[in-house]
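The same subunit A turns up in both complexes below, where it pairs with subunit B and then with subunit C.
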Partner chain A sequence: MTAQDTLDIQNLRLSFRNWSGSVEVLHGIDLRIARGERVALVGESGSGKSVTARIVLGTMQETPGARVSGRILFGGRDLDAMSRTERRAVRGTAMSMIFQDPTTALNPVYRIGTLVHEVLKRREPAITAEEARRRGGDILREVSIDDPERVLDSFAFQLSGGMNQRVMIAMSLINEPQLLLADEPGTALDVTVQAQTLKLMRDLVESHGTSVLFISHNLGVVREFADRIYVIYRGRIVERGPTAAIFEDPRHPYTRALLAAIPRLTGGGIPEIAERSDSFLAPMVAHEEVMG
Partner chain B sequence: MRILTRLSIRLATTVLVLFGVSVLIFLIARIIPGDPARIALGPRASEAQVEQMRRTLHLDEPLFAQYAHFVGDLFRGDLGISLYTNRPVTTDIAQFLPATLELVILAGIMMIAIGLPLGAISARYRGRWADHVIRVLTLMTVSAPSFVWAVVLVLLFSYYTPLFPIAGRIAETITIPPVTGFMLIDTLIAGRWDGFLSALHHVFLPAFALSLSGIGQAARLTRANMIGTYEQPYIEMAQAYGFSERRIAARYAFKPSLIPSLTIIGLDFAALLGNAFLVETIFAWPGLSRYGVGVILQKDLNAIVGTVMIISATFLIANLIVDLLVSVINPRIRYAERSE
Partner chain C sequence: MTSEPILSVIDVTKRFTVGQRVVTAVDGVSFDVAEGECLAVVGESGSGKSTIANMILGLYPPSEGSLIFRGRDLPERRTLELRRQIQLVQQNPLSSLNPRRSIAASLRLALDVHGYGAPAERPGIIEDLLAEVGLDPHLARRSPAGLSGGQRQRVAIARALACRSDLIVLDEPTSALDVIVQARVLRLLEELRRAHGLTYIFITHDLSVVRNVADRVAVFQRGKLIEFAATARIFEDPGTEYTRSLISAIPVVSEEEAALRDSLARAGVP
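Right after this comes the complex of A and B.
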């Protein structure tokens, strides 16, 4: 089964050393993503969801003071056994990432075409500008951009947020990665644009067979996107299970609080949620899983 | 098109500023105490001779009439006669300006070629020993004015260890026919490699002394901006895509950081002209700045006004070039109209 998995995280711990000692941020996370599966990691800010993505990516380990332990298998290969150079080689090719705010994540002094060319060079260092342009045009059309030529010739600040988000999605998939890490994609966009681009992203990863680790604080956003959900609270997974099971039968008190926090159009005012509750620290609940 | 519009607006303001400078310097030169006609003729000249001199210099007329004479002459390319050298001021400037420009341009190149990479290295290795060394060194260079560095460098590298010549622009045994006035170019025109090397040898130390504080300034500024850039999401994105730290520093972080630095560096570049006054004096460099010091002490009105006008014009042109460079590097300015 493990050979099938794109990602298998076992007992992942992260702590930060500082002058007064060390603070543990992740207390042993287990998470699996099967090939082609879309998994969401949901929790409030500071719960450790973004650092998890950055540990998988390998950038967290380069932060001074950060200590990571546990095992991360990527396509069956132990990421920690790789050298720094090997790990770097995985990034941008077999694994890629989408960020919260597409407009600030695109370098402001280069045209989209140049950025796309740079990303393509990660897999094919010798690729020519013309070839990169052709491939860039193709993938931009895939994310429903009708005039890829104009977009390729533009700078990020000349495009709308939704357009930049499409560009980001296109760039993250252009090298056909096995795993896409999406850190709160589109949170900086308005809801309608976020919904459109999420739909696009879903269709695209489905047709490309890409596995996704989708990081979000919003269960509502995740519902349409993920096959399975992990709920994380203060560095621990508190509940995991198929999306439908989590929504229909939330068993952990924190998951229920998260669900209650989704604002409803039907009114009822701002939901009341305890800031912190001892019940949130209850042991993990795992739903019955049917693995493909 | 847009660049041309920008350029013409900047040119128009440049002319306006030059006009302001001309009024200001014209008035200041006339406020300094002392009678220029008397100074020019010496203490033994008769009162009638001095009177005569005043009339030729239009000093007996009201100020605005004097200014009108000055501007009229200026448009004919005539800055009057220097009382100090007894030659047309334009001839003096043509002779001394290239030496100064040679010094200042070389210092500017050093400032950019050494300062920017130092700052980039410092930011890339922030918190590590390379960063600490660079920060201490650059703090030292910005803490002392360039004339202090000039004295220190002359003592160290010309006097105690005679690696560099103490004064002059070229070895005395070599004579080069002046064409452009730039020794480095004239020696090449004359086909004298030995002359070129000698001129380079002579200009190196003064240019380095002149550029030192600029190097420090440029390095510290680039470091600060680049560290700010490293916080940007697009750098994290570049890291997420596995680009090497070297490529991220050189390509993704350096260029955006250059934009805020460049304007300041442009001002620093122009400030080199002012700093050159004392550096030229220390290295006995026959440039405009040394000439400027001489004419101010002599209260040589025409020459003062001419020198200051030329220096201001050079300053403004340097700023203009920097402004254009910034708009070339920064697409936000280039395409300002297209973005909403």
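Right after this comes the complex of A and C.
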């Protein structure tokens, strides 16, 4: 089983050293993503969901004061056993990331075409500008950009937020990564644009067979995207299971609160929900999983 | 709701000059806001919803048309009294609250500017305000950085309420918050509206929030008001293709909602 998994996180802990000792923020996370599987990690701000992605990407480990323990297997390989150079080589090629705000994630002083070329060079250092431009045009067409030539010649600030988001998705998939880390993609965008980009991203990762770790604070956003969901609360996974099971049969008190808090299209007002409750700290609930 | 509107927006147009170009941000918009209602203003970025709000607040005057508040024209230069009556809660309390000022000092400033209450009574008023928005009194000495996002937004709401305002413009007040915190802040806003007879202009792009808090909805697209109706009506029979597209983009959490959403989205398709 493990050998086929794209990502296998075991007992992941993260703590920060400070003046009085250290504070642990991740208390032993286990998370698995099978090949081609779309997994969502859902929790509130400060729950540890974004740092988990940063640890997988390998940038958290370089933060002063951060201490990471546990094992992360990426395609069966232990990420900790890799050298710094090897890890850097994985980033942007076998593993890529999409950030929340596409406009700030794209370097404003280079044209999109140059940025696409840079990304391609990470996998194929010898690639020519012409070849990069051709491949860039192809992938931009895949994210439903009708005039890729204009976009390749533009700077990020000349494009709309939705267009930048598509460019980000295109760039993150151009090297055919095995794993895509998506941290609240589209939260900074209008709802209609967000819905479009999520659908687009879903279709694309499906056709490319990319595994995805999708990070969000809103269960509603991941319902139509994820195969499986992990709910995280204060550095612990509190419930995990197939998407349908989480929505139809949420068992952990925190998951229930998270679901109840989302305003319903069918109306009924805003329910009274406790912000903190001892029951949120109850042990993890794992749903039966049917794995292919 | 009484028959006399608290605010009337009449044929309002706002144009901005950007370099050589003239951009019409709001284009011939008219609507009434009833006393005590929660009116949702929805639309995508660039639809003109914030421009309308800024004109109501008096940050800039309309290029054409007029704004009538309680039967009187809103002047370009607002009196202190008018500024007290119309208040604002912004999206991000981290930027709307002064980071160097304690919570108590931020609230005190609002009271001092408007000369609300006798100076000796003001600390007591601040304590009551904090209690009213569900904040522990010991938080008063902290700076905004020492509070959570939800607590900060409660402070911003307390400040808008401080001098007993009548009309509050809520500009995406919960879109930066976690879902559970959002639900709690929305409930607080609803309780405060009932308790004080407040009127809200609730600017948002989240239609599932609108469904649950608003009495009426104004839909903006590219500076024009394209739909204006009771909330129930908008969600039973959306009148424009654009409103349907907004509804179709709502993330939902149950099959029942998904079915409703998809039927509404399809309603206009021949």
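Definition applied: the second predicted complex is superposed on the first by the 288 of 292 C-alpha atoms of A that agree within 3 Å, B and C clash if a C-alpha of one lies under 4 Å from a C-alpha of the other, contacts with A are read in each partner's own complex, and residues count from 1 in each chain.
Convention: a contact is a pair of C-beta atoms (placed from the backbone, for glycine too) under 8 Å apart; a residue touches a chain by one contact, two chains touch by 3 or more.
All values derive from a computational prediction rather than experimental measurement.
When the two structures are aligned on the shared chain, A:Arg264 is found in touch with subunit C, with no touch to subunit B. After overlaying the two complexes on the shared chain, residue contacts for A:Leu219 are found with subunit C alone; subunit B is out of touch.
Of the two partner chains placed by the overlay, only subunit C lies in contact with A:Ala195; subunit B stays clear of it.
Shared-chain residue A:Thr52: touches no atom of subunit B or subunit C. Contact with subunit C, but none with subunit B, is seen for A:Glu44 once the two complexes are overlaid on the shared chain.
In the superposed pair of complexes, A:Thr210 makes contact with neither subunit B nor subunit C.
In the superposition on chain A, contact is made by A:Phe247 with subunit C only, not with subunit B. Listing the residues of subunit A that touch subunit B in their complex gives 57, 59, 64, 88-93, 96-97, 99-101, 104-111, 118-119, 122, 155, 157-158, 181. Every residue of subunit A that touches subunit C in the complex is listed here, in rising order: 44-45, 161, 190-196, 217-221, 223-224, 247, 257-273, 275. By the touch rule above, subunit B contacts subunit A in their complex via residues 127, 232-234, 236-244, 252, 255-256, 259, 329-332, 335, 338-339. The part of subunit C that touches subunit A in the complex is made up of residues 44-45, 149-150, 178-184, 186-187, 190, 205-209, 211-213, 232, 235, 245-254, 256-257, 260-261.
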